[in-house]
Every structure is written in C-alpha cells, then in structure tokens.
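Alright, structures below, take your time with them.
Shared chain: chain A. Partners: chain B in the first complex, chain C in the second.
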Partner chain A sequence: MSIWDFLLQFGGRLTSGTLYTVAQFLLASVVAIVFALLSGLGKLSRNRAIRWASIIYIEIFRGTSLLVQLYWIYFVLPLFGLTLPKFVAGFLSVGLNIGSYGAELVRGAIQSVPRGQWEAAYALSMSPAKRMIRVILPQAFVIMLPPWGNLLIELLKGTALVALISVTDLMFEAKQINGSTFLSVQAFGSALVIYYILARFLITPFMRWCERAMARKLSRT
Partner chain B sequence: MEMSAYPLELPEDDRPMVRFMNVTKSYGALTVLDQLNLDITRGEMVTVIGPSGSGKTTVLRMLMTLETINGGVIYVDGKPLTHMPKNGVLVPANERYLRKARSMIGMCFQHFNLFPHMTALQNCMEGPVQVLGLPKAEARARSEELLEMVGMIDKKDQYPSRLSGGQQQRVAIARALAMRPKIMLFDEVTSALDPEVIGEVTNVIRKLVNEHDLTMLMVTHQMGFARDISDRVCFFYQGRIEEQGEAEAFFTNPQRERTKQFLSAVKAAD
Partner chain C sequence: MSFQWKWEFTWAILPRLMWATVNTLLASGIGYAIAMVLGLVFALLLRTGWKPLTLPLREAIEFIRSTPLVLQIFFVFYVGPQFGVRLSPWVSGMIAIGLHYSCYLSEVYRAGIEAVPRGQWEAARALNMSTRDTYMRIVIPQALPPSIAGMGNYLVGIFKDTPMLSVIGVAELMQTANAIGSETYRFLEPYTLVGVIFLLLSLPTAAFMRQFEAWVRRKLGM
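Take a look at the complex of A and B:
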C-alpha cells in the first residue's frame, strides 16, 4: 500500500487522533503552568505549610514515573472514591508531571531577578503580593520562557502515554491502525512525523514569538 | 538598654525628622553599626561619608528598613519606624506596619533599579497608582511634572534599556519623589555613572535641596558635591560616627586624625 493510499484510508482517524493529542496538550499545558506557578511560588513562601505542600507535590511528581502516575490517577484513585473520565485523567497526569519540573523553572527564574528590583519595589512601599505580581513575575517570565519551550515539547511527547488508558489520541489511533493492518512503518511513521511537526512547527515558533515579544519590552541593559 | 526604656513616641518638643537611637546592626560576629545615635532635623541635608565597610550604606538601608535591626530603635517624625507599640512596649514591626511607616521615605540606588518592563513614565506612576491608589490621570500628571523637573519628559515613553545611566538615575529620582516622601535617601547615586553624566544627576539633587523642604540623607564619594550642598557631614568609621560637623567646617578643618587621613586619601585619589 502506498503512503497516499494509506493516508487516504486512515487520514480521518489520524486527524481525529491528532486533534485529541492537541487537546490533551493544551489542557495539560494549562495544568502544568498553573501547578508550576503555584508550587514554584509556594516553595519560596514563608509559610511552612505552603512550602511543604509544594515540596511534596514536586518530589512526588518529579521523582516517579509519568506512566505510574497516569495509572494511579486513572486506576487507583477510583478505589479511594475518586473516578475521573479517562480524558481528564490523561491531561491531568501529564500536566501534573510536567508542572513539577516547571516549578523549579519558576522558582529559579524568580530568584534570578536581580535583588535590586525587589528592593526598589519595597522602597515604593509595595506589598509582598504587589512586588511579586507587578515587578518580579513579569521579569521572571522572560527568564523562564526558553526552558519552558523545552518543557512544553516534553509535555507534548508525554501525552502519547494517555493512549495506554485508551484516550483516543494520535498514538492510540496509530496503535489501532497497526493492530488491524500490520502496516507498522506507515502507522508509526505518520505518528512520528505528526509529533515532530507539532513540536517543531507549532510549539517552537510560538515560544520564539513569545520570547521575541517579551524581549522587545524587557530588554535590560 | 531595655526595650521598655524606649518611648512609644518622641515628645512634641523633641521630634527630629529621623532619630537613630542606639541602633546596632551585625551580621554574625561582624558589627556593622555599633550603637548609632543620630538625629536629622526637618529639611536637613546630611551626607554620610567614610571608607568602604564603615557602615555608611547600612545607615540608609536601615532607614529604608531594607535591613532588619539588631538593637535600638529608629524613629521617623516622632514615631517608631522599625518597631510598633504593642501592649505599651515596642516590638519589632510587622510587614503591614512597616509598609505604612516607610511610605514617607523614598530611596535612590547606586544601580537605579528601574523596572525594565515599564517605560520611564510607567515607572513613576507605579507607586502612586498601585500603592497610593491614585487615579491614573492624577498619577500621570504628577509623574509628568516630576519627569519635567528632572529633565526627562522627552524620554517619558522610553524603556530603561534605551536610557543612559544618568537618565535612568534621574527617572529613578522622579519615581521616588512621585510617592511624595518626606525623606529622601541617596545611596551612592553617582557611583555607577560615567564621569560626564554625573553632573546631570547632581544638578537634580541640588535643585531638590534648593526648592524642596525634603529631609535628605546621602551617601557619596564626591567630596566636592557633598561640601557644596550638605548642611552636615558625618564621617563613619567602623560602624561609628568618628566625626561630624557643618559641611564647610568639616572639610576645611577636620578635627580627628582618621578624618584627616580619609580626606587626604580621597583628595590624593582625585
């Protein structure tokens, strides 16, 4: 079967799978960014409880396997009375996992904003929250954008694991097509190319654009 | 001195703008300020000089409450700054108290510390809008007036990265003044500047001395400038005031041996 015949026959399923993958990616990104921000800030908090909650989250999700986390959230949590649809369990696991790496990026970026910035904001009598939101975070964003680009590509690739709990994403469709046709090269080849295109021609240019847009405003001397 | 021995408020007839009372600051075994007593009267311009490590910058940073205090109390306008009254004694001030107390103090830094993600005008409006809660239009008018005063109105929409050091420092002065402080602190504000732009910053400070009734405390290495504009000069040595006096007299006729040594060393370096 030529590649064109293959695409003609399975293009619809691959497209639908890709849309699921994109949806998983976008939702997991939101989860990752929110949790990275909360726990990155939390780790710097003066409040012990908040600091410890952040540390425990980071340790658990960074220190164990994403696949195991996925199975825990989908198969084990129901035993404790929390049942999540597989679609939700999918992006939640991936988001929580990547968020724990992101937390360190957030913390590191906040700490690398020059101390003088904090002092200047302090000297204007700004409250701790205002100092963080108005002065420190906008500058920390610029510092952490390039590593976030990497992390989001990592996240995209991580979403392939949700196929293992039967979310009908790109990887799931590729596996199904392979299972019924044994056209392994075409099935997994298309998946390979589509993941690459998403990472290389969507995420990377978008992050570059963000970096440029922010650098324009924030270039420091 | 016991904490209970410090008054909750200074008496009406003895209220300097700033009073350092037995102020001590140490980092571990290193004592940076040793039982400092210093009064600054309303509208006075006091310059602090001294060799590096003498504690002179610490004096300013303590007054801005950027450093915690290890002993003693600082009073501003008769009220405690570093402490707050609780059950009839002074206890270390909390964040909320400090925020209010320090709002009458403005500070300019050696490295300007303008917010790089805001234009010159936005830098000046930030405090009035976010902290004082002024309407934007009012904050803008106030900021533009101050940028005009420091000669930076033409550059109001520029980001700090597009401004020279001297220009950034002038914006930083406007930013501090936009909060309408009663006390201004200048911490080596010309030390990071190229020689040819120092004048534009010192001229702004000169203008402030002549036209405003601000109380000012300045750390500088520029003896000529200090002599010109200060009412009083304090020479710090190893965390203590070694000598102080009216500016002209201080420079023409220093009394202490260490002061003489320091002044002649600085002159030799010029």
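Take a look at the complex of A and C:
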C-alpha cells in the first residue's frame, strides 16, 4: 500500500488522534504552568509548610517516571475514592510531571533576577506581592522562556503516554492502525512525522515569537 | 476494602519487584552506554562541518529529540518484522532508548566542547599539537566538567524512561507491576512500590552526580 492510499484511508483517524493530542497538550500545559509557578514560588517561600509542600511535590514528580505517575493516578487513585476519567487523568499526570521540572526553571529564573532589582523595589516600599508581580516575575519570564520551549516539547512527547490508558490520541490511533493492518512503517511513521511537525513548526516558532514579544515589551517600558 | 494496604502482600511481591529492578538497572545501563558512544560519534561528525553530512544529521537529531520515545520504541519493534527482521523486545528497546538519548548526549558534548575558549585551540595549534593530542589533552579535559551535570541528568532520565519498555514486554519494573496487578487484581501495592523504588534510586543518583561533578572539577584543578 502506498503512503498516499494509506493516508487517504486512515487520514481521518490520524486527524482525530492529532486533535486529541493537541487538546491533551494544551490542557497539560496549563496544569504544568500553574503548578510550576506555584511550587517554584513556594520553594522560595519563607513559610516552612509551603516550602516543604513544594519540595515534596517537586521531588516526587521528578524522582519517578511519568508512566508510573500516570498509572498511579489512573489505577490507584480510584481505590481512594477519586475516580478520574481517562482523559482528565491523562493531561493531569502529564501536567503535574512537567510542572515539577518547570518549578526548577521558575525558581532558577527568579533567583537570577539581579539583586539590585529586589533592592530597588524594596526601596520604593513596594509590598512583597507587588514587587513579585510587577518587578521580578516579568524579568524572570524573559529568562525562563527559552528553557520552557524545550520543556513544552517534552510535554508534547509526554502526552503520547496517555495512549496507554486508552485516551484516543495520535499514539493510540497509530497503535490501533498498526494492530489491524500491520503496516507499521506507515502507521508509526506518519504519527512520528505529525509529532515532529507539531513540535518543530508549531511549538518552537510560537515560543520564539513569545520570546521576541516579551523582549520587546520589556525594553519599551 | 480494596484501598487497605496489605503488608503480607507487599512482602510477597517485593522479591519479584527486586528482580525486576535489576532488569530496569540493566536496561538503563546498556541504554546509557549505547547513548554515550553514539552521542560522541554524532557530536564529532557534526564538528567536521561538512554540510552534506551535518545538515541531514542535525535534522535527524532534531527529529528524534522532538518525537515521543514510546512511539520510537514501537516503531523499532514493529518495523523489523515488516521487512522480515525479528528483533527481540530487549534488542529493539535498547536500540530505541540508546538512539533517543544519544541525540541528547551529542548536544551535551557539543556544548561542552564549544565552551572551551578559542585561545585553548589556538595555543594547542601554536604548540604544534596533533588533532588527537589537542582533543585528548587540551579540549576534552576542559569540556568534561561542564558536561557532567547534563550527562547525569540524562542518566537519571534514561532510568526514568525505562518503564516505557513495558509496552513491548520487556520484564522491567513497570511490566512486572502490571503483571502482578492483573494476576492478583491489586494495583495499590505494586504501583506504589514501583514509585518508591524509583524515588529511592533516582534521588541518590542525582545527589551522587552533583558530588561527582565537584570531585572531577577538583581533580582537574578547576
């Protein structure tokens, strides 16, 4: 079967799988960014309880595998009475996992904002919250955007694992098509190419655009 | 009640999980060895600067880096039989993981080599050193310490990615936990134990790599 016949026949399924992957990616990104910010800031907090909660979250999710976390959240949490639909369990575990890596980026970026900026905000008698939001975080964003680009590609790759709890994403469709036709090169090959296109021609250019926009915005003010 | 933790059951399955841990460590070790060698080959090939070679190689590395490992594992495992080559789960898993991480490691090596100041290359040239001597005695000793952090990260990374081998049936930790779960209908203990084992192994490794980096820096007088 030529690749064109293959795409003609299975294009619809691959497209629907891609849409699921994109949805998983977007939702997991939101979870990851929120948790990265919260725990990255939490790790720098003076409150001991907040600091330890952040450290425990970061170490647990960085220290174990995404697949283990995914299975745990999907198969073990229901035993404690918390049953999540597979779609939710999927993006939640990917987001929590990547968020723990993002937390270190947030912490590192905040700490690398020059001391003078902190002192200046203090001298202007800004409240800690205002200092963080108006002075430190905007500059930290510029520092951490490039590594976040890499992390979001890791996140995209992570979403492929949700196929293992039967979320019908791109990976899942490729596996199904392979199972019914044994056209492995075509099935897995086209899925690989689609992931590559998403990473290289959508996520990377978007992050570059964000970097430029942020740099412009900061230099103007 | 299904959510009650059963200690007898835990002790009963622990030896089996320990054996699976050996497999997991073996898979990480072999995968990492392949990745280290192949990554060095890629990094050196990229340094030749011969465009017909470097452009496709760079793009291939980019491709492998930005697509999911689990899909690559499936690809390697299933594509062989389509052309009459049968690879065992272990062999295809090691190829996939080794290749995937070699692309990351080649970047680590490249960054390390590029971080060596130009003056060092020029000084080696001025002293009429051969290319081999320049690399072995001047460049690599200086490129090593900044690379260790990245290499350590990927060692832990490879270790945490081995559960993906369970999808093609390599009997590592995850696969064993799945098997225990489907035999006994108890998922709480096996999955939790796998998580604990991963934590107990990856946290000390990360700490050890930090110590190791400091030690190498001291040894090389940096």
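Brief remarks follow.
Convention: the second predicted complex is superposed on the first by the 218 of 221 C-alpha atoms of A that agree within 3 Å, B and C clash if a C-alpha of one lies under 4 Å from a C-alpha of the other, contacts with A are read in each partner's own complex, and residues count from 1 in each chain.
As a convention for this text, a residue touches a chain if its C-beta (ideal position, glycine included) is under 8 Å from a C-beta of that chain, and two chains touch if they have at least 3 such contacts.
These figures come from a predicted structure and were not determined experimentally.
Once chain A of one complex is fitted onto chain A of the other, the partner contacts of A:182 are limited to chain C, with no touch recorded for chain B. After overlaying the two complexes on the shared chain, residue contacts for A:65 are found with chain C alone; chain B is out of touch.
By the touch criterion stated above, A:51 is placed in contact with neither chain B nor chain C.
When the two structures are aligned on the shared chain, A:157 is found in touch with chain C, with no touch to chain B.
Look at A:120: by the touch rule set out above, it reaches chain B but stays clear of chain C. Contacts of A:199 after superposition: chain C is touched, whereas chain B is not reached. Of the two partner chains placed around the shared chain by superposition, neither chain B nor chain C is touched by A:86.
By the touch criterion stated above, A:76 is placed in contact with chain C alone, chain B being left untouched.
Partner contacting the larger number of chain A residues, of chain B and chain C: C. Of the two partner chains placed by the overlay, only chain B lies in contact with A:128; chain C stays clear of it. On chain A, the surface touched by chain B in one complex and the surface touched by chain C in the other have no residue in common.
Across the interface of their complex, chain A is touched by residues 2-3, 62-63, 65-72, 74-75, 78-79, 81-82, 160-164, 166-167, 174, 177-178, 181, 187-188, 191-192, 194-195, 198-199, 202-203, 206 of chain C.
By the touch rule above, chain A contacts chain B in their complex via residues 114, 116-117, 119-128, 130, 134-135, 138-139, 217-221. Put simply, chain A touches chain C in their complex at residues 59-60, 62-69, 71-72, 75-76, 79-81, 153, 156-161, 163-164, 171, 174-175, 178, 182-185, 188-189, 191-192, 195-196, 199-200.
Residue ranges of chain B in contact with chain A, taken from their complex: 64, 66, 95, 99-100, 102-103, 105-107, 109, 111, 113-117, 126-127, 130-131, 159-161, 168, 172, 175-176, 179.
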